[in-house]
């Protein structure tokens, strides 16, 4: 009897967590007019998705988001890796240096938006994907460096020493041993950076134009002028999460596959 | 192919007591030497300094007579086997072993031939496609060794390569490393804290403590003539028995007096020890120098109050005290001799290999050297 | 010569990193009229700070931010700790469970703002600090749980076993051993949660009113209507970062003080 | 204060080969027993099951005759000392030792008295205010022990408590644990993979392999009568020599024939081994049963081609092969006897303690039991 109560409570908790996202999925797949119906599934329809990709040009925004998020990660990762490695292996800057990296993360983004806008305008990069990509890369670097620092610290220095006696330079040991061994960490950091850029709203709103908007900006536009178009918002949310889930599952497998260290145990 | 020489080498870590101080040593071409010491004594630091992985604070490191202080590790042509094995986890066994040759730009056929040869030598041939994570501890150890051998380096530096293996495998690898050294003839420095490895593997031992070199020499010679109480205690298990007491004159001879025993000093040592008569000294005798029966001229009877008996199988270790003495003494006896805790037994100490140490700094008081026991063969 | 070039390059890089924040500090301490002067330090004045705390009611916003950020961390930490511990020690939900936690982090915040607004309005909690605190707590939980999970995994299970044979229940072992030992991790997670809440802009903008605004919203208001008041913005940025720096330094010492495990090495 | 009994205990981890299967054993009140086996054999799993830290898949665990399968660890009143020591890092030594009593709600004065008593016993008194991180390895080990003692538990379970200490400290703690057991008289289970600990510390050994209990008995009896080749190899260093060959009839007796040697079977065993005449067997003899000179009736001369000599100091291990034989043989001889690699030497095997094993499963072929060597005392 006690166990039954416990299990009922647990299932209730699971339902509380899982129902909202499932309801979003459901709402995205019924016609807009039935979105607020209390029926579980009144009618199946792809009209929300069709409308998003047709009339609302979500295809473009989707592509914009991918370009910006992917681009920012590709730019940020090498810098972050070099920075994280320097902190991890050579204790560059000591404790104060590490603190400085973390403190970069503390600047309130809202204080950076207008300066960023001013700089980009002087370079004629507002309303352009290039500008937003650069800004996202800059925002990502300290965070990714912090994460990779932890990862590099977990790689035994013996591996680099072995490579150096085997005939590489210190740089060669980093390039041929540390980087390949860190692939799971780089992948994880990359995904996190991708998620942050993908979801970012404030900078995207200020720095993009109607053609260069990203998904969050597009989602916001569905929620403002003519009231909330809940069906389309739901479909947009589903679309927004989709690539993240795909990326994570892929990465998850990659991480789990586990290049465990060939050293002891 | 390489002699290694260290001249006044120091490595100081700022703000740390670790490191090494004023190390002078030289290893001849083709020699197999052991760096022995407790953890933290600086032996691994020294090894890494020779490999060029740590810069030294002072002194010179010479390989083949040339100062290499500022030569990069990859240009020293020395192979290191790390305690952790440090196999590249993203490469299979073949790639791990070939890495060094590929970095040196050897032609592909030569790499393949050399890797195959080393794999054959170490019994790794069936494992070439495996990743390190799919290997057992012993196999990893062999791959690390193979990776070192393939490159045909001037010298091998082994940093506690056996410490992660279980007892049986460790005993096998001891023999195998010695066999490999005999076959390859390369200068080898083997770092360890294990006294069995130190005694059995090397041509010479270098014993280190707190960053300093305490004693060097062939294993049995160091065993027979420890420079101080630290070496006396460290190089055997159970360690040499060390008993505090006083050197006294008895008739025209000398004797060591302590609570519960009076031991005559062998005539051969009297002249050497004469200056210490009347002074406090530390008496040292190894546990295997106690016997159940008198054994030659310099045997002295002793009464041992047995406190514990460790029956190891092949032999029994009796642990107890001389009557009223504060120090515990252990005696190594045949498995046919035993006693019960609480009993008092009479044992005979063979005093020929005895030592005296100064109580102040534990240094051995010089006396005529004992020849190592090794080659006194009698059927 | 080569070394000289190298060092010059390094100092240049350091200057590039350090100058902008130093310039912000400088700008906050000169009168508004001289903010754009090219002089290094034309005149010292606290007028920007005085104006912020007087006319701009920054004192209130400051207090609001502290209440909201601190409150959200205090609410989120116990839940996050329980969740992280369950994942770390009992492998609750297995790999999929862990993935679910991370995926909560992926929802684009912009898609959550209006639903959150709707829910809070039905509870009459818009324009209130309570509402914002609850929302921040909810946003913090998965992230903090993820961080603490890693920390709990680093605590040897032996410690709990020892406590359990010593006479505690499993819960007692968690409460008396795991939690105290994890204090550095809890502190680090708490600071991160505090920073995220402190800097958050989007939810704060939508969910607060003129009296309940937080620092980022107040900063944004300085940058809009009458052009950018750069002196006051600079002063605001300095004020916004100040508590984070204080908190981090304190926490940093706490983390470094190092309750290293009493087990082997 | 407690007997411990396991009946058909199994612990299976889903999707893993580890765990233990069908373990039956009983430990008498006050006994000191050893669980010995290589890593992964299930000995620690068994220990944790007894402590209640792991639930068992099948069978019953009894403490003092009562089934405790579902009794919580804290209600079993058993103390565990973990390999990692598992000291609470946020408490000082006093708090660590007092924790168990405080959890049981003992009065403050009693706690203080008991902690002081245990600290005195273990020499921890000057360290009471220190955090574990400020202690050396040996001190941590003592605190872990003290924490267990303070609670006055029914039984102590020690999970490789000495494996993180250096050789010298390990030897000291061996003795100290035995002394403590004698003083406290509590049932103790000591888990280890070290054959020296197994031989010297316990009243009985339980030898495990792959999750199964292979053999149990007093150390010297197991040493003298190993149940199979695994035990024969595991319980000594160097392991028992095992040579494949064939049992043949010679005149009216039996002999073991292998490449390079023909060894007469002692008369006492002829009847027992008669059924195996003409069949392939594995011959087992310990390295200490080789002698430099004939030693009694059952000595048989052998020619050993020496391949390596390990001079340990107190004794020399000769390693080599019988002429033409594939298996390596090691002989443990006094330090006064040695040889050079490459030499052929004549040794005499004392065949009284010999064993034969079946080649199929390595089980010992039954023969009249050898009495343990221990109490045959002769001066």
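Letters A, B, C and D mark the chains in the order given here, with residues in each chain numbered from 1 onward.
Simple rule for what comes next: a contact is a pair of C-beta atoms (placed from the backbone, for glycine too) under 8 Å apart; a residue touches a chain by one contact, two chains touch by 3 or more.
A quick note: this is a predicted structure, and the numbers were derived from the prediction, not measured.
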Supply the minimal count of touching-chain steps required to go from subunit A to subunit D.
2
Could you put a whole-Å number on the gap between the CA centroids of subunit C and subunit D?
55
Please work out the Cα centroid separation of subunit A and subunit C, and write it as a whole number of Å.
18
From the mean C-alpha coordinate of subunit B to that of subunit D, what's the distance rounded to whole Å?
26
Graph shape for the chains shown, where an edge means the two chains touch. Line, ring, star, complete, or other?
ring
Which pairs of chains touch one another in this structure?
A-B, A-C, B-D, C-D
Subunit D contacts subunit B in the complex at 38-39, 166-168, 171, 174-175, 178-179, 193-196, 199-200, 219-220, 223, 233-239, 286-288, 292-293, 308, 310-317, 319, 332, 335-339, 373-379
Considering only the defined contacts, which subunit C positions touch subunit D in the complex?
156, 158-159, 161-169, 172, 177, 180-181, 183, 258-264
What residues of subunit C sit close enough to touch subunit A in their complex?
17, 95, 99-100, 102-103, 105-111, 113-114, 195, 198-199, 201-202, 215-217, 219-220, 223, 228, 233, 236-237, 240-241, 244-245, 248-249, 252, 256
Residues of subunit D touching subunit C in the complex:
48, 51-53, 72-74, 76, 78-80, 82-90, 96, 99-100, 103-104, 131-133, 135, 137, 140, 147, 151, 164
